[in-house]
Amino acid sequence: MHLTVINPNTTASMTALIEAEARRVAGPDTVITARTPSMGPASIESHYDEALAVPGLLQVIREDQQADAFVLACFGDPGLDAAREAASRPVIGIAEAAMKTASLLGRSFSVVTTMSRTVGRAWDLTRTYGLERQCVGVHACDIPVLELEADQDRTYAVILAFAKNALAADGSDAIVLGCAGMAGLPELLTEQLGVPVVDGVAAGTLLAESLVRLGLRPSTHGELAPPPPKAYTGVLQGFGR
Amino acid sequence: MHLTVINPNTTASMTALIEAEARRVAGPDTVITARTPSMGPASIESHYDEALAVPGLLQVIREDQQADAFVLACFGDPGLDAAREAASRPVIGIAEAAMKTASLLGRSFSVVTTMSRTVGRAWDLTRTYGLERQCVGVHACDIPVLELEADQDRTYAVILAFAKNALAADGSDAIVLGCAGMAGLPELLTEQLGVPVVDGVAAGTLLAESLVRLGLRPSTHGELAPPPPKAYTGVLQGFGR
Amino acid sequence: MHLTVINPNTTASMTALIEAEARRVAGPDTVITARTPSMGPASIESHYDEALAVPGLLQVIREDQQADAFVLACFGDPGLDAAREAASRPVIGIAEAAMKTASLLGRSFSVVTTMSRTVGRAWDLTRTYGLERQCVGVHACDIPVLELEADQDRTYAVILAFAKNALAADGSDAIVLGCAGMAGLPELLTEQLGVPVVDGVAAGTLLAESLVRLGLRPSTHGELAPPPPKAYTGVLQGFGR
Amino acid sequence: MHLTVINPNTTASMTALIEAEARRVAGPDTVITARTPSMGPASIESHYDEALAVPGLLQVIREDQQADAFVLACFGDPGLDAAREAASRPVIGIAEAAMKTASLLGRSFSVVTTMSRTVGRAWDLTRTYGLERQCVGVHACDIPVLELEADQDRTYAVILAFAKNALAADGSDAIVLGCAGMAGLPELLTEQLGVPVVDGVAAGTLLAESLVRLGLRPSTHGELAPPPPKAYTGVLQGFGR
Amino acid sequence: MHLTVINPNTTASMTALIEAEARRVAGPDTVITARTPSMGPASIESHYDEALAVPGLLQVIREDQQADAFVLACFGDPGLDAAREAASRPVIGIAEAAMKTASLLGRSFSVVTTMSRTVGRAWDLTRTYGLERQCVGVHACDIPVLELEADQDRTYAVILAFAKNALAADGSDAIVLGCAGMAGLPELLTEQLGVPVVDGVAAGTLLAESLVRLGLRPSTHGELAPPPPKAYTGVLQGFGR
Amino acid sequence: MHLTVINPNTTASMTALIEAEARRVAGPDTVITARTPSMGPASIESHYDEALAVPGLLQVIREDQQADAFVLACFGDPGLDAAREAASRPVIGIAEAAMKTASLLGRSFSVVTTMSRTVGRAWDLTRTYGLERQCVGVHACDIPVLELEADQDRTYAVILAFAKNALAADGSDAIVLGCAGMAGLPELLTEQLGVPVVDGVAAGTLLAESLVRLGLRPSTHGELAPPPPKAYTGVLQGFGR
């Protein structure tokens, strides 16, 4: 089975981190490829960045005919519906994956994420996925996305402190990590915190594997059918068909 | 006062139709300019098209420093939050405008829109705007967006028939027109149906005017503050700052 | 265009304040008249007062055939549906106007209102208008309604302090003023707080104007049709027809 | 124990019908008095009628110091919160009573009511009482309120037919009768339909009795405390204190 | 009228407490019998205990053909739907009874319950009964169920302190006692706190009486019909038919 | 990895069917064991059966120390929270598994289940799992559970017909099979219907595998901690500790 994990921002070192985590949990028969788009923002920290990350990830999907399924490794799940239309193969967003996985492990979870200005977006996703009751808190540590990997010891310490505080303040049972750049942390955090800590890159990789093994693809019966072909203009001309 | 009405697709004849309707309802001191993006899809009929329409409309906003406010003339309200971040001036989406205006006129409304595959998206918007109870039906006439203006007599007849049926089937009190390409129809429809018929281009133009007159802009206190500057890559390089 | 702004309580000085604010924002062609009912409570601070304010405001509507639309200037929006039935012309409540306007400006707003015992009523209205998620706090300053105008400097200082606290405690993006007696404050507050501050008298005046310009009236197709005529008894006899 | 059952409209024959039903179910130690207001509409069939019925019923409550509790016998539960403030004793609305009683008997219920234009109001009440999921249909037979008693055989036949249809169309488990004028029907209907049929006059009488026996009154800790005294004007002058 | 009050745990002293409270409020013609199951847990403090309490209470119901109605005296309302199927007579759970009674007395209530690990279950019940908005807080005093009666003075003092704190912290209007072992406390608490305090054993006894007097039983039209007969195996063999 | 799939009813032939399906989809390193409880109902077709199936499945869990995770193969997910408390290892219910998997594949799904009287229970589960909007219909084919395997050709034909009708009537994108006895059907149905068809036994097996691979167990921080030890009485005495 071939899985392609897409880093929707254009920072290659973050793609490498994501790839390593996906490989760590993938089954023995699964070939993981991680890809960086050729256009878009270096990190995703606003609605503006999120919207402008979508063309790049759609291009990756259009050009990758080998993958049996895709994982979108940004916690905002940008362009997820568009990606499913374009792929006609399973596409898993890591926020959806992390939240739905956490919902199997307790009554409630708290999200620890990066920037304060994305907190509202995280709450929107809990509603989209029907988990607004299970999610009982979203906490921003205000470390910019690209600084997460710059000093990993400090990152670990900060996330640990925010997670401890979230469990106490929210009365929650589990932690969801709210950024692809936190991949790699959950094992140690789970051990230290004594509660399940879920990272979406790992969870999404296994959900994507499962859908392929079950032989299930996005429905083409309704709104996720391939988009109707039409002319595109300007620098986006190549997206038409 | 200067208002810019953006047609998020790249079809200039539709821009002209939208401009005419905005001018018809605007106040005497309001200067209306309608703009067509330089990149993106010829019409918006899928999540894929919607996502790929956003870069073009954001570019229009970045380049237009004169406008006091913007109207986004696509019923999916694509990129509305990103547009508010980028503009730092009022931005009104026509779905939000049409639905919130209709909510002042009766207990419930039905939406008559174009393509079946966008019906789910319309329901999503009713939830985003808190009007999922007032909206009691979404009906697709399955006329492609660009055919709406090709044969206006037929378009009027089809919309009239769908609206009549929606009122009866849903027990609704009002009609919301679910496509910018239907601008210009509401007056005659209101008269023939005997219920209020709301078009978002007209409603959005007046809401945008009102916000400017009230001296109100999107809050920069929270998530709608200008996006943090950063590098952008590839054909979207110009969106960085 | 003629707009009648109704002060649902019987205190004439408050009617004058409301009239001044409506005139400040109305368009050049709009004639504003503010009216005080001939029966009912001197101020509205309970469900009891609110219920007993409705006959007076309905009488104003029945006797005013000139107005193209009405604004009900009490933040509880008392009798709004009854008023729409009786008027067959647009009627805008200031709570609905303020909340729906604030919803265009950010993710969330806080309400600053007068008496603690009306806080529950304000939350009810957020649900009626589908904005219970956008409204993230309702704060009562416990200044009785009629004291708001007695010492305007103190009123301004108290409202400013409550608004600052609300923004911090709720993490909100905007402020809604929860009493018609606060009309006149929003401009200065917006400037000092750095977030949008919305007053319903101003917002409602512009929404009423917009509906008249769009040629839209409450639907008579369903429950807002004129009430069936019948006998009325006692001191309310004149309300029959 | 003294219970006062208030018919919020001014039609004395309907008061007699309500009184008979309340007496039928009341306990042996309970003294039932039914009262007709001295002002207001002959029947309640619109928001306008409902609003104008409230002064009359509040006057009954203010003048009745003997009652241990009150039942408001109109399915719209008009003025219920105001009545609780004014009474400082238990006040039960018959819609609340009927719906909460029906919720103890099955998964779902259908409401059979009088006029189509009140259907939306009935749905509003299901939401106020948290029963919008249990209520799966509201059906209007469009018999005007005062005709219900004019031809009781016909009324019974029509209600029976609507109830049968509601059970089949909605897949519901129980019937709630949506008008005080249907008091007296539930026993026979329960027998003929084979499902529980709940009338609010009977259900409300027993809930009021229960609260008195439990020694419970509306909380005066919060918004149901007696309304603050103040001047009232015009024909409503007597409501001030 | 015969009412059977079932203590779903197997501790006889608690059954006696419950019986006394039911007798205190029951009408003069009502014969109260309280029963202890012959199998199951000594107290109910987890999902595990709750699930394993159900066979015992169902056995009590199957063996009691005399009762006109049943009250289930555990605040988790364990097995309520199964009990209604098995009984074909009214069955009232004390959580449902207490919460629905409290909802008649104010805008909001707080629950004071025993163990922290049951708090989530209490919130689940507020949602099942449509009262998740009226319930504004659930507070656990962490006294194990069987210690409630060991030192009644201390129990009273602790509950009083938690209730006072709940009213202040939640801004609530009323208190619901969240354990059958707190029966007997509400009268004194109501007096001392100045707000209504509702115990489900008392409230449930009166609701059960009311349903019997109204001649209403669970609907057998839908899912509460008697369960289809079938073979049962092992120690539960006797539950088959 | 060892997975135990529990058939909560006592019919061994159904256990065999479930085991075969779990083995079909499990990974190469996973050892599947399916177990039948020693007490309880032959099939689960009511709340009564569901409640009485729980002791048997809890006993299986208590006696099985080898399993790394459990799958509960009844679409009602009976006793799921109790099982998680008792197991301290992942426990997946097949309704939760099927619905959450279907939610990754389209906007909406319809459930095709067995008995009409379980339809309400299926809707309850959609709300528990936050998928009440994605689930747009629940359809009962009224084949008793144990007849599903008696005539497999007829079963297939009936399910196919109900699924086709559900897709058309509900406008849904995917089908969820609402009974463990339908395991084995999804592959052929997916092919014939052209939409994803999800069976919970297969989906649950892969979710359980994924949780084990991720090293995640139910949180013991809150309400899913092991139940407090205590005395149990009668035939359930063995459940105490």
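Per-chain numbering from 1; labels A, B, C, D, E and F assigned in written order.
Operating definition for what follows: contacts are C-beta pairs under 8 Å (C-beta built on N, C-alpha and C of every residue); 3 or more make two chains touch, one makes a residue touch a chain.
These numbers come from a predicted model, not from an experiment.
Participant: Determine, using the mean of C-alpha atoms as each chain's centre, which chain is farthest from subunit F.
Facilitator: Centre of mass proxy via C-alpha means gives C as farthest from subunit F.
Participant: Is the contact between copies subunit A and subunit F built from the same residues on both sides or from different ones, judged by whether over half of the numbers are shared?
Facilitator: Mostly the same residues.
Participant: Among the chains, which is located farthest from subunit A on the basis of C-alpha centroids?
Facilitator: Of all the other chains, the one whose centre lies farthest from subunit A is D.
Participant: Copy of A-B's interface among E-F, B-C or D-E, judged by over half the contact pairs being the same?
Facilitator: Checking each pair in E-F, B-C or D-E, only one repeats A-B, namely E-F.
Participant: Centroid from C-alpha atoms only, then distance subunit B to subunit E, rounded to Å. What do you get?
Facilitator: Measuring from centre to centre gives 53 Å for this pair.
Participant: Quick one: subunit B and subunit F, Cα centre-to-centre, how many Å?
Facilitator: Here subunit B and subunit F have centroids separated by 44 Å.
Participant: Out of subunit D, which residues touch more than one other chain, so two or more?
Facilitator: Subunit D, residues with two or more chain partners: 107-108, 120, 222-223.
Participant: Can you tell me which positions in subunit B touch subunit A when the two form their complex?
Facilitator: 10, 37-43, 45-52, 54-56, 58, 79, 81-82, 84-86, 117-121, 127, 144, 222-223, 225, 227-228, 230-237, 239-240
Participant: Quick one: in the complex, what on subunit B touches subunit C?
Facilitator: Interface residues on the subunit B side: 25, 27-28, 90, 92, 96, 100-101, 103-108, 129-134, 167, 171-174, 186-187, 190, 194-196, 198, 202-203, 206-207, 209-211, 213-224.
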